[in-house]
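In what comes next, subunit A is part of two complexes: it sits with subunit B in the first one and with subunit C in the second one.
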Partner chain A sequence: MEIFLSAIFSGTSRGAIYALAALGLVLVWRGAGVVNFAQMGQAMFTTYIASTLIGHHYSYWLAFIVALISGGILGAFVDLTVMRPLSRKRSSNFLDSPAMHSTIPVIASLGILGILQSGAGIFWAAEERGFPTPVNSLGLVIGGKTMPFTAFDLFVIGTVFITLVITTYFFKGTGMGLAMRASALNSEVARLSGIKIGSMRTLSWTISGVASSLAGLLVTPSANLSPSTLDLILIIGFTAAVVGGLDSLLGSVIGGFALGLLISFVNVYDTPEDIFLAILVVLLAVLLIRPQGLLGSKEVRRV
Partner chain B sequence: MLEIKDLVTEYGSVKALNGVSLVAHVGKITTVIGANGAGKSTLLRTISALEQPRSGNISWNGKSIVGLSPEKIVRLGIAHVPEGHAVISQLSVEENISMGALFRMRSNKVDVKNAQQEMYQLFPRLEERKNQLAGSLSGGERQMLAISRALVSRPSLLLLDEPSLGLAPLIVEQIIQTINDLCRNTGLTVLLVEQNANTALSVADHGILLSLGSVVADLPAAQMKADVSLRAAYLGY
Partner chain C sequence: MSRTRSYGRKNLIISILFAVLIFILSIKLDPYNLGQVAVALMLFIGVLSIVLLTGASGQISLGQGALMAVGGFAAALAILNLGLSMWVAIILAVIAALLAGLLLGITAARLSGPYLAGTTLVIALAIPSLATRFESVFGGDVGLNINFGNPPAWLSSLMGSVGYEQWQLLATLPFAVLALFFTSNILSSRTGRSWRALRDNEIASSLNGINISQTKIFVFVISSGFAGLAGVLYGLRGIVGPSVYPISLSLMLLTGAVLGGIRSILGALIGSILVVFLPDVIDSIMKHFSPSEQVANYLPAMISSLLLILTVVLNPGGIAHGLHRTRRHL
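== the complex of A and B ==
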């Protein structure tokens, strides 16, 4: 029972982070039509910024806030300097074909990932370093009994929960959120309604940048920080997004939690070596049985 | 007044509009009729900047609007209801309507609320269904929603693309009558594109007949309606 509960808790806390990573991917996919492979590279970069601040004896919370803000700025920067100019380029019939239209940004995002990883290697040296937690990451003790979860687990779950509530309110309850959904669903009708779809795209990149930066900050304490540590989160986050349905924000969150629990159970009851096998099996099963994902809509299946 | 001079719009090497000139007067319904492929939709899409013209000019109240983005053009009071009941089916009826007024939200919140209520008075069926997804509406209701989405921005010029497409005659009658009332009561200028020439000419003040991207007749609506030979030549009935 003890082991089972502990697997549930660590799975939920892991899943919360994957949900964030998946959310970041889906935001950019829906809002800008790009699968952003640079996403966790951006998060790695902002985690390094936080790590540097903490290294200079600033408080964790200041570093945390600065990392989130720079995540947003980096996201907007990628869109404004690379993605937007690319989408405007009309150079030849071949490059302008629909297939290339969706491929070029993906290749560009891989290029950005490369730049970020080698940039981080140059600035901060490629060796691994630790990253602190704001609260204790040992088993929480309540009334003399050690609980099957840590204070950091609670912090992660709480932070992600708050993020999801804010995101949901933003999309469902504000005019800006409505404008973003409208331009993602039908850009022509959105433009005719006076919505500035270019700004909405940049906003998607910005929010995604903040969400991924948060995922980076929350996952790094358990994995050490190096230019390529977060690649793994991208893979799991991407799987979570596909499982949930690439165009559904709620689906990506559910997918994230489901994968977190799966990984945790495999880890506890089987061996850690089987984690990737299990992920692959789930991915294949979803693609075979329900290719649009749990909550995805049928038409959108371009990847 | 909407004034179009020698407008040319191309898709690749195909000239969809080949030097179109026309005028739509304030507070009047001007209808553009013509067979499939005559360039009617392209005309509206060029006015609202969804397509860029190769040459020619479009001016609204004396100022040229060529080269502006669709978002800017909406802000000048020109609202376009594109062909095919253009609503966003994954959003609710209420969201589709508020979407049309988002850009005025900050400057005049109270008026936006009033405008939304007016849409429900205009089409009470939309109010009954305001929390439903637009995708669950019937064709007629969708067209009402698409028109409300445009009207809620309080335009002074409404570009309507084939509102009758695929709808039952009774619904068409109701929609056209609503537009007619709006035009007569509020001074709205309407540019109505229709394949259904009889319906369009019966409410319009002025008729323009397009064929293969060129204007072939520009007459008062009643006169065009009476001209049997013109219709036989270009519309086939």
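== the complex of A and C ==
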């Protein structure tokens, strides 16, 4: 029972982070039609920035804020320098066909991932380093009894919850969120109603950059920081997003928590070596049985 | 019909010229570069698998490294457990990879674009992790040891003493030539045309009687066979293990394919030479600046990623596209 509860709690806290990563992917997919494989590379880069600041004895919170801001800047930068020029090149015969049209941005994002990883290697050396937590990460003691969760788990879940509330409010309650939803739904109509499509795309990249930077900050304390540590989170985040439906924000969050629990149970009751297999099985099962995911809208195929 | 036959003759001549050229190189080069050219030929076969899959039929795979691992492990098990010869093991490895490609293709035929990319990426990570999971069979993190062995007696008596690196290159050469000949033929055939039709317009090609999902699965099977062949040759250099087929190998193949030109066989050759020799060239330039170790380690990856992005944004056709804009095949 003790083990079961601890699996549930660590799964929920892990799941919250995966939900953030999945949210970041879905934001860019909806907003710009690109699955950003460089996302966790961006997060790794900003976590290194935070780690460097902390290494120079600045406070955790300052580093935290700086990392989030640089995450947003990095996201916008990726869009402005690579993705926007790419999307303008529709006339090229390589981008004519739908198959290549969706493939080329994927390759570009892998190139960005490569630059971020090798850049981090050059700037911050290859040696792994730890990353601190703002609060205690030992089992919380309440009434003399050690609980199966830590203060840091609560911090993670709380932070992610606040982020989700803010995101939901932004999309449902503000004019800019409405404009973003409109341009994601039908860019042509949105353009005709005076929405600046390009800015909305860049904004998606920015918000996604902040969300994934947050995911990086929250997940890194449990592993060492190195240029490729966050690759696994990308895989999990992608699977979570597909489970929930690649175009559903709520779905991606549900998918994130579901995968967090699954991985936690595989970790506790089976062996950590099976995590990749478990992810692969879940991904294939969803893609074969319900390709649109739990909450995704069904793609209309014309054939 | 006569048109096809003349293509066939031209492809044959090019393949023979290619074989002669590499053979001459194999006599002239020093051992280090012999090994590098051998690796370039192995990767050439792997990059051809991407030219067929992504260039010709428009499906992306980030998991070619996993299929290479399937080939490598199948051969290693055949050699070590069944005591088969290297040549039989290579054939078995290709068959194993074809079967893996069939399974993958059946799944992948229903997916497209980013879904396919993500799924194959997960596969690229999951397959090598099987090696550590079933350590007693696959040798865990260390892997299994296989190699090209000694050159046969007739070759040594024919060419004088044949070094190990030279033998690596000479043993790889026939497979690379076969792959080149097979790819150029299939791309100029009816089959290749149906793949390109599929890539350019699925609806139109299905209206013309092309069975979409069957064709997609078929491309995956053929492409996997190529990847498996590349993988077994790559493993025969010494070790078959998860560290030999990392995710970066899959990305290296893709980088080579894109830099050289994803729709061109010549591009595949240029790309595989580029990814193998670029680090050497950068090293020899950087030597004059005496960089720190981390810069020397990461600079090649940085430059090839930069080239990848520049290619995709500025010249998606790659180097080969720039070389001759009027291409016959694609």
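Convention: the second predicted complex is superposed on the first by the 294 of 303 C-alpha atoms of A that agree within 3 Å, B and C clash if a C-alpha of one lies under 4 Å from a C-alpha of the other, contacts with A are read in each partner's own complex, and residues count from 1 in each chain.
Note that a contact is a pair of C-beta atoms (placed from the backbone, for glycine too) under 8 Å apart; a residue touches a chain by one contact, two chains touch by 3 or more.
The shown structure was predicted, so the numbers you read here are calculated from the model rather than taken from an experiment.
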{"item": "Fit or clash - subunit C, subunit B, common subunit A", "value": "fit"}
{"item": "Which superposed partner A:102 touches (first subunit B, second subunit C, both, neither)", "value": "second"}
{"item": "Partner chain in contact with A:193 - subunit B first, subunit C second, else both or neither", "value": "first"}
{"item": "Superposition-derived angle with apex at the Cα centre of subunit A and sides reaching subunit B and subunit C, degrees in steps of 10", "value": "100"}
{"item": "Greater residue coverage of subunit A in the superposed arrangement, subunit B or subunit C", "value": "C"}
{"item": "Which of subunit B and subunit C A:178 touches, first, second, both or neither", "value": "first"}
{"item": "Touched partner set for A:276, first subunit B, second subunit C, both or neither", "value": "second"}
{"item": "First (subunit B), second (subunit C), both or neither touched by A:2", "value": "neither"}
{"item": "After fitting on chain A: smallest Cα gap, subunit B-subunit C, Å", "value": "17"}
{"item": "Doubly contacted residues of subunit A, that is, touched by subunit B and again by subunit C", "value": "none"}
{"item": "Complex contacts: residues of subunit A adjacent to subunit B", "value": "175, 178-179, 181-182, 185-186, 188-197, 297"}
{"item": "Subunit A contact footprint on subunit B (complex, rising order)", "value": "48, 50, 69-71, 74-75, 79-80, 82, 86-88, 90-91, 95, 98-100, 102-103, 105, 149-150, 153"}
{"item": "Subunit A to subunit C touching residues, read off their complex", "value": "29, 34-35, 37, 82, 85-86, 89, 92, 94-100, 102-104, 106-108, 110-115, 117-119, 121-122, 125-126, 231-232, 235, 238-239, 242, 246, 271, 273-274, 276-277, 279-280, 283-284, 287-288, 291, 302-303"}
{"item": "Subunit C residues within the subunit A interface of the complex", "value": "54, 57-60, 62, 107, 110-115, 117-119, 121-123, 125-126, 129-130, 132-133, 198-203, 206, 212, 247, 251, 254-255, 258, 294-295, 297-299, 301-302, 304-306, 308-309, 312-313, 316-317"}
